[in-house]
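Right after this note come the structures.
Both complexes shown next keep chain A, but they swap its partner, so chain B is in the first and chain C is in the second.
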Partner chain A sequence: MALQELNFSFKPEKNFTSFAPEWFHSGVVGSGDMEVLMEHKKQDGKVTVKVVTPVTGFDQVWEKVLAKFVAETKIGNLHMEINDNNATPFIVHMRLKQALFEAKGDVES
Partner chain B sequence: MRKWEEMQERSFYESTARERAINLVDKGTFTELLAPIDKMTSPHLPILGEAVSFDDGVVTGVGKIGKRPVFVISQEGRFIGGAVGEVHGAKMVATFRLAQQSYEKIKEKYPNDYESRIPAVVISFETGGVRLHEANAGLLAHAEVMEQIQHCRGKIPVIGLVGSKVGCFGGMGFVVVATDMVIMSDRGRIGLTGPEVIEEAMGKKEFDASDKSLIYRITGGKHKYIMRDAAYLVKDTIGDFHKQVAEALKMSYDEVQSHRCIGSLKLVEEQLELVKIAAENNFKDATDVWAYFGNKKSDQIQDQFYDEFIREAKRRPRR
Partner chain C sequence: MEGNRKRWDTLKRDRMERIREAIPLVKMGKIVEASNAVKLLETVIKPYDKVTIEGDNQKQADFLADCLCKVDREQVHHLHMVQSAISLPSHLDVFEKKIASKVDFSYAGSQATRLAQFVKEGKIEMGAIHTYLELFGRYFIDLTPRVALTVAVSADKEGNLYTGFNTEDTPVVIEATKFKQGIVIAQVNEIVDKVPRVDIPGDWVDFVIQAPQPFYVEPLFTRDPANITDSQVLRAMMVIKGIYAEYGIQSLNHGVGFDTAAIELLLPTYGEELGLKGKICKYFSLNPHPTLIPAIESGWVESIHSFGGESGMADYVAARSDVFFIGPDDSLRSNRTYCQAAGHYGIDLFIGGTLQIDKFGNSSTATASRIAGFGGAPNMGCDPRGRRHSTEAWLKCGREDGVQRSLIGDLPRGRRLVVQLQETFREKMAPGFVDKLDAWKLAETAGLAIPPVMIYGDDLTHIVTEEGIAYLHKCSSLEERMAAIRAVAGFTEVGLEEKPEETTELRRKGIVRTPEDLGIDLSRANRSLLAAKNVRDLVEWSGGLYHPPAKFRSW
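== the complex of A and B ==
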């Protein structure tokens, strides 16, 4: 079975912050893990996500986890690409927050 | 990403390929080539429904140690066991080619003073060898990397580092011993056929893959250090590997070359002598070999801490 590609688009929170770095990468595609590439993209604050995963049938779970991430972090103008290898929803949420945290730290230093 | 100073203290064994690559060279000098943003993923894995990675499991780039440009190849064991596929292999080969181009340019620019500036290639191995999903391309990549190591001979030192979780097995086990110098930690492992595969093929009596102690006695850093397959044994931090590479770059090219395992008639004869010694003495375990080379307390070697081991270990004499 071929790899699955899922695409999502989210409206940002009203008081969103733009994703500042040109791009930021975090994570390793290990078993049960994932990597994410975050790119600054001017798109009226929208957050777009492309997920590449071998797992089928979890489209709605992805949408919920990603929507939660966007709502919690109030991030905008962001395009993310995720390479997933069977990461659980909890791991996905944690990795995304970690990546955003690291990306901000990188800007400060 | 943690600061460079902090990362020098960190375990090499537990670090990702990117952490190793960035922190093996001097602070702030690393530039990644074909970084994740280039999205060069494997063309073969999607058809098979296998997860892909933006770097295809290898981080390549260039940094500096002192005045010397250092071309870094760092494999990621967590992505399909660090196995070498088409893109992964092509990135390795391209890095070697860049190093050679850089060598020619430096020689042209500094005709009288180029020796203190020549580039080096440093490979941090963490791999099981050929990626079976793209086996032909993977095998070809191994051959091409071998060829590149030969192209570098007489010009560019090629240094192999082994101290990561997966170790260095399969085809890359051949490649690592073809480098000019191997630096290991005692947690590193080098082998050809992996323990499980030997057990599958030859039976538990021949090799018990569940026996971790046995695996380390046969493939581990201490054994390779005594046998001189590894030129240096360092502690398990990125900083210790970095320092040892920096030391190696202070050596003349000939001195670096003197640590080779294969690559000349003399070295082949030396290896054949070893085979003869092994056959004549009917060794049952690595500890017998250690005792043969003069390690009186060979049964205690595995439990020794780094400093004690380095102080007391008797290594295979070289001809």
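== the complex of A and C ==
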């Protein structure tokens, strides 16, 4: 199946927290529903995301899910690469939050 | 006088005439050879008869169904089939062959697509789609079968039947037929000198045929824990904490599906952790779900009455007679009619999954190209308006009702909890919330009188999605209900209409609660909380008494 690449950029919440670890990886795309690589990136607080997915026609839903993640977690200075294997919008949302929880020990305030 | 000449026993005389014609086919007692089965059906079934083929949810009178397709349609035609399930190809072949012409039924399962085609092509005249209790009720009113083609495990030569583990619909089908002077034919797996227990007395049965093959049973209620997702675990946590614990739910029915299997497997772990053992989930009307084994073994469950059996569960169930209803022969006595009645009146909560919920809260499993029917869910997924006993859970739900006072004043009245579990997007990104149900399209293409709705919005009290729980019964208007539905509908077309300020207000009122509001830690929502992670774990929990069918054995 042809993969498509989507790119997004979000402004952080005003009181955002920078993603501190150099990088954090979670999930296995082959046997799971998605994987995500989170990297610290100094970019004026912005959160940038590259999504590689086999599902077409859901660009707007991706944008909403990611925007909600950024708003709820108040995270900033983060670049994410998501390799999607048919995860539902909610699963994406939950996996991102779970990944951030796991990485969080190192989050600086 | 004219009145005195009217005969009042025409049905009986007709019945005796049909039986007399069939006598040459009888080998001994009531036994007819399988090779004479088609001939027997041609002899005792007349054109325009109402005929029921025992096509239960699970066990099937498959041999008799095949035989009915082979009768000479010059002799037997225009039959009106009145059966609970259309689940085998032969159940529809009989229409293709123009032996039957009309159907009244409850559930279609794997034949749902073909049934819709037949209706569209005019091969079938559709009576109505019923719930089980509704169809069984009409067996005693205006849909009484003239001939019943039924099925049992064994029979003796007097016709006493042993239905064993899967009794299901047999008693109601036979009682309705026999006592209105109809004819009862049973296919059995074997003919024995003495049946292990008499489920149907021999004088209610006219003919017995030993089928060449044992009847088909479908393992419909087995859910492999290996396929439960993290999102189902999260919803199960929300249900246990936000509904079962909140209301103290003691008596309930679980629909079939992975969502409810997840709840069952979380009782001994998450439920235990919340200190809920002995406070919730004590009484079930439920088939013997293998995924309930860990909760039973951990001492959660006091009693389970079952609609039918489940493949592989016979030995386990037999060894737990404190919990299940067991005959003097040590096997389960299931009974769909009684269990549906129990599920309608006896329980405080029904919970199940669905395919689509519309913006008003009506839910349906119908798609535009399938007539799947209802089965029994609507009889449990509704508020039984005739209920008169009270329990704490029922009273609390009634107290919270947002419109009750405007209808009956200050008189206390309880309410059944009817809960729908829904993933906002399911496989292949099919949305769980829609503007308009596909049931409307189906009603149009298949010419149905009304769109088939599984649970009407005014019966629904709670929707549970990953986004949160909507306590719909607390709402005081349709507008408020629609806002509560939008708040939990995620990124679907319905959910995208959500207004944050409305949701904030609904959360303040306790009409919507998110996992966070419920104090549920999202990071714990994963499969490690399941008491059994695969079928093999279930076998271990059962102490080796559960024998899963081959297709569920991966080791």
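Quick notes
One rule holds for everything that comes next: the second predicted complex is superposed on the first by the 100 of 109 C-alpha atoms of A that agree within 3 Å, B and C clash if a C-alpha of one lies under 4 Å from a C-alpha of the other, contacts with A are read in each partner's own complex, and residues count from 1 in each chain.
The criterion applied here is as follows: a contact is a pair of C-beta atoms (placed from the backbone, for glycine too) under 8 Å apart; a residue touches a chain by one contact, two chains touch by 3 or more.
It should be emphasised that the depicted structure is a prediction, and the values quoted were computed from it without experimental measurement.
A count of residues in chain A touched by chain B and by chain C gives the higher number to B.
Contact with chain C, but none with chain B, is seen for A:Gln98 once the two complexes are overlaid on the shared chain. Look at A:Glu35: by the touch rule set out above, it reaches chain B but stays clear of chain C.
By the touch criterion stated above, A:Glu13 is placed in contact with neither chain B nor chain C.
Shared-chain residue A:Ala2: touches chain B; no touch with chain C. Of the two partner chains placed by the overlay, only chain B lies in contact with A:Pro54; chain C stays clear of it. Residue overlap on chain A between the chain B contacts of one complex and the chain C contacts of the other covers 86, 102.
Against chain B, the residues of chain A that register as touching in their complex are 1-3, 23, 25, 28-31, 33, 35, 37, 39, 52-54, 81, 83-86, 102, 105-106, 109.
The residues of chain B lying in touch with chain A in their complex are 1, 3, 16-17, 35-37, 39, 41, 45-54, 76, 78-79.
Residues of chain C that touch chain A in their complex: 229-231, 234, 423-426, 428-429, 465-467, 490-491, 496, 522-523, 525-526. Residues 55, 58, 61, 64-65, 86, 88-91, 93-94, 97-98, 101-102 of chain A touch chain C in their complex.
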